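The data blocks that follow each hold one structure.
Look for subunit A in each of the two complexes below; its partner is subunit B in the first and subunit C in the second.
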Partner chain A sequence: MGKKVLVVDDDPDVRLFSQAVLEENGYTPVMAKNGEEGEELIRKEAPDLIILDVLMPRESGIRLYRNMKTNKNFKNIPIVILSGIAEKSFLRSQKVLTEFGGDPVPDPEAYLEKPVDGEELADTIKKILG
Partner chain B sequence: MNNKNKRSLVFRKMMFVTQFEELGFGALQSLLVLRGAGLEHVILLNVIERDRVAMHRGLGYDKDEERRLKEQANIRFIDWAESLFETGMEVGDYIVVGNVVSDTLEAVVAEDADLIVIGQRKRKMIEFFYSGDDIIELLRRSHRPVLIYKELESNSCTDTCLADNPFCRTLLAVDWSPACLLAVEYLKTMKTVVQDVSVIHVASPKELKGTSSLDIQKLRKEKRGRLEEICEALEAEGIHCRSHLYVGEPVTEILRAAKEFNASMIVMGSSGTSVWRERWIGSTPRTIVEKSPYPALIIPHAKEDTDQAE
Partner chain C sequence: MATKLLLIDDETASTSLLAFSLKSDGYEVLTAASGEEGLEIFDRELPDIVITDIRMPGMDGIEVLKKIKERPHPAEVIIITGHGDIENAIDSLKYGASDFINKPVRAENLALALQRAENKLDLQAKLDAYTKDLEQEVETVTHELRMQSNFLEKLIKTSEEGIVATDRIFNVIIYNPAAEHILGYPAKEILHRKKAKDLFSQELMRKYQAKRHDYQKRKKLDHFETHLKNSDGQLVPVRFTGVFLYEEGRIMGSVAFLEDLREIKRLEKEVLMSERLATVGQTVAGMAHGVKNILHGFKGGSYLMEVGFKKNDTEKLKSGWQMIQKNIAHTSELVMDLLTYSKDRNVEYVPCEPNDIAAEVCEALTDTATEHNVRLAEEPDPAIGRVAMDKTSIHTILMNLVSNAVDACILDDIPGKSYAVTVKTLLEEKNMIRFEVVDNGTGMDKEVQDKMFTSFFSTKGHRGTGLGLLVTRKLIEDHDGTIDVFSEVGKGTTFIVKLPFEELKT
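Showing the complex of A and B:
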């Protein structure tokens, strides 16, 4: 069984697309449609990598990202952000939240702006997971 | 009272319901002042009404139009969300095809939002006749505070306080109902945002009929005393407050007071009148929402959440 990759995205088309790319490249996909579900699955499935959207209902990717990167059990799980939100805005949000008293968090392992082609997604994952 | 009823009175999560033409990014930005009072999460909601995509004669459901409208909304929301994220705000979004009232209430329950913000759309008389007013329906069914956002005319917005902060000069209309007392509690939690409160009670002329001047003075004293209690509670939180007693028809007098005190917003509790009475006779909050040029924050009775999306 291939390495486990969790996809957290509210867009069913993106989940379907990511699932196909992951399966084609020998990974085991796990799907979550919002941050809350994503956090639950991280604890349950302990994925090797997370593909994370930022703008989602319930719990946004910003919150989930911070929760993971400040948790000693999960902070080493690599996260690839896959979002329509510009990387600059994501990084600024992290900076502001840290300034407001949050713990500092590292930048994500990769940031891909939607839409992304399958090859680019697969290459990014391969580079991180080896 | 179970735990579900013991909600915090801080507006931490705001549901911003927009069809874009009536409520834009400017409105959203002005509401970010609530951040000083604990706002940390904004949920953007766009409901595409079914009749825009469905049941066109000979075409049936127009999937392409749905996709186009959703993408259009998504592009706007991404743009807004980027700005909000950069201020450290949490943001989520929903773009759905359905009914504004039902889908808003459903999203409010799913998100456990503390405040609903909605703009008033101009509807054609025929639309109003057939489907009624979404806002009135939302007010009737929501168990969470609803802010009906309206842009104040530029001539009534002469100072920067009003331009930057829709809550800065609040007119609180009270009738001592549970909902209106809850409104006082909400204002207390907004002490860093609300600068000035004018508390007003409108006494009915009927209360004065046939009584002696002594009785009238007694009534005035009693009402002023009760208004002062509210003022004292607000002033204890550091909010500047003045009380005023008016006599007359409630809607007319509340709007008169709002104008006299150059209010930026009207805050009031929902009347809690029964559905049929509300529909056929109307209520003060309903008429204020319909007639007032001012934004209005309507605080409902505290009820359980379970029947919210009924």
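Showing the complex of A and C:
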């Protein structure tokens, strides 16, 4: 059994794409279609890595990312952001949330801006999980 | 000041005696012994009255009289004549002497003559002063009048507003260059040749007439926007202000002020167009997100197909191909929306059946709706038949609204809730059709409602380009219709679109 990777994305096509990449590279994919479902599966499945979209209905990636990175049980799970949102926009949103009285959060382990090739996604995961 | 006298006589003895007696009467007296000397003194001293002997060697009294009367300085001349020299005396009167007295000069005769001369001088002085005053006054008034009329003329000529004024029987008497510019007819064809009704339509004249009593009551000018036909037969948009002029309750004429709205209308159109293009600009920047998602979809699709080919996995091939097809559709939708939005398209009224268009749209979306357990229903108004409307626009408008409604249900996704989207049509008065798209999906909060018609705002994550409602609104506005929205979070949304139609000529 390969390492478990959770994909959180509201777009079924993106999930299908990521799932295929993960399977092709020997990982075990787990799918969530929004932030709420994602948090639930993190607790239940304890994935080794999370591939996270930013803009989603029902708890965005911005919120989920923050919740994970400030929770001592989950903050060590590496997160790869895969989004159409530019990296600097995402980082700015986290900075603003920190300024409004949150704990500072580290930058994500990797940030991939769509569109992304299958190989690029696979290489990124491999680099983190070894 | 004493009256100044000049005595001219070659007989110096009688002169000095006379001078002495006049001096004692309070006159200032100058004397000369000849006509020539007399004139010299006259020019220097400008006496009021000259008393001259008629017979003198050299220049005689008549000659002196004539010369003095030629001078600008007004002086009365009394001639002293010899006894029986009546002919000369009459001559002297003809040349402007005020009086004559006979020799030997008797004190009472001279006093009387002097008295008369003085009165005459006095009267003349008064008359002069009066005439001068009058002339002065006339000049001042004329100057002011000229200034005023010049001012008014310049005011009318340079006015940016067209001014057309008529007398009481509506002959055009004022027609300024701005009016010339608006109406196209040169002033020489109009002034004193045409009547108001030759320039303004009957309808306008009626409206104008109807206002006149209003104005008397309210003392306020009414203006309205209208179109005037110019010399080329083109309709020129103007703001028209009309008023009747009264003098002591009687009509003395009328004035119409015309504000040329061509430039404003052109600018308005330009502003609208450039705003729209600016929106497209913003949208293009903001749209990057949508485009990125589409490209990612293409990459995903081709990755799946690659895997499918490599492993001979038809399932993978199929889902990869579907993904690519879906993103091709997305791309064309996006491009078409952009084109529709940025293009200045004319509304094309063609015969169509609005109920059928609604049915077509529902049919096209039924699969997607059913797939996500959304019931799609139609409630057409049977009173709506075949009418003339822009069929393509209606199709796009309904397509956008109904697919939005279905999306709102899909996004809501509360287990156990049964979702429905209803498309209603309703025949309203005044050639209007009301389209309603009702859903019980997520609904929108105030913030989303405020933003939904602005550029690139999408709540749909990967699916939205942010252009759908912009395009929808533009098509509705182009069709002279309206769009309203009622929405509540958790309860759903109702869009109400009203579009005018034209009856089909049978």
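Convention: the second predicted complex is superposed on the first by the 130 of 130 C-alpha atoms of A that agree within 3 Å, B and C clash if a C-alpha of one lies under 4 Å from a C-alpha of the other, contacts with A are read in each partner's own complex, and residues count from 1 in each chain.
In the analysis below, contacts are C-beta pairs under 8 Å (C-beta built on N, C-alpha and C of every residue); 3 or more make two chains touch, one makes a residue touch a chain.
Please read these numbers as outputs of a predicted model, since none were measured by experiment.
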item: Fit-or-clash call for subunit B and subunit C when the two complexes are aligned on subunit A; value: clash
item: Contacts of A:20 with subunit B and subunit C, given as first, second, both or neither; value: second
item: Contacts of A:63 with subunit B and subunit C, given as first, second, both or neither; value: first
item: Which superposed partner A:55 touches (first subunit B, second subunit C, both, neither); value: both
item: Partner chain in contact with A:84 - subunit B first, subunit C second, else both or neither; value: both
item: Touching partner for A:2 - first (subunit B), second (subunit C), both, neither; value: neither
item: Touched partner set for A:118, first subunit B, second subunit C, both or neither; value: second
item: Touched partner set for A:97, first subunit B, second subunit C, both or neither; value: first
item: Candidates 60-68, 78-86, 204-212 or 402-410 of subunit C: the single one with C-alpha clashes against subunit B; value: 402-410
item: Where subunit A meets both subunit C and subunit B, residue numbers; value: 55-57, 84-85
item: Subunit A - residues contacting subunit B, complex; value: 54-60, 62-63, 84-86, 89-90, 92-93, 96-97, 99-100
item: Parts of subunit A lying in touch with subunit C, wherever the complex brings them together; value: 10-11, 13-14, 16-17, 20-21, 24, 55-57, 84-85, 113-118
item: Touching residues (chain side subunit C, partner subunit A) in the complex; value: 288-290, 292-293, 295-301, 303-304, 306-307, 316, 319, 323, 326-327, 411, 459, 461-463
item: Of subunit B, residues touching subunit A in the complex; value: 43, 74, 77-78, 81-83, 85-88, 90-94, 107, 110-111
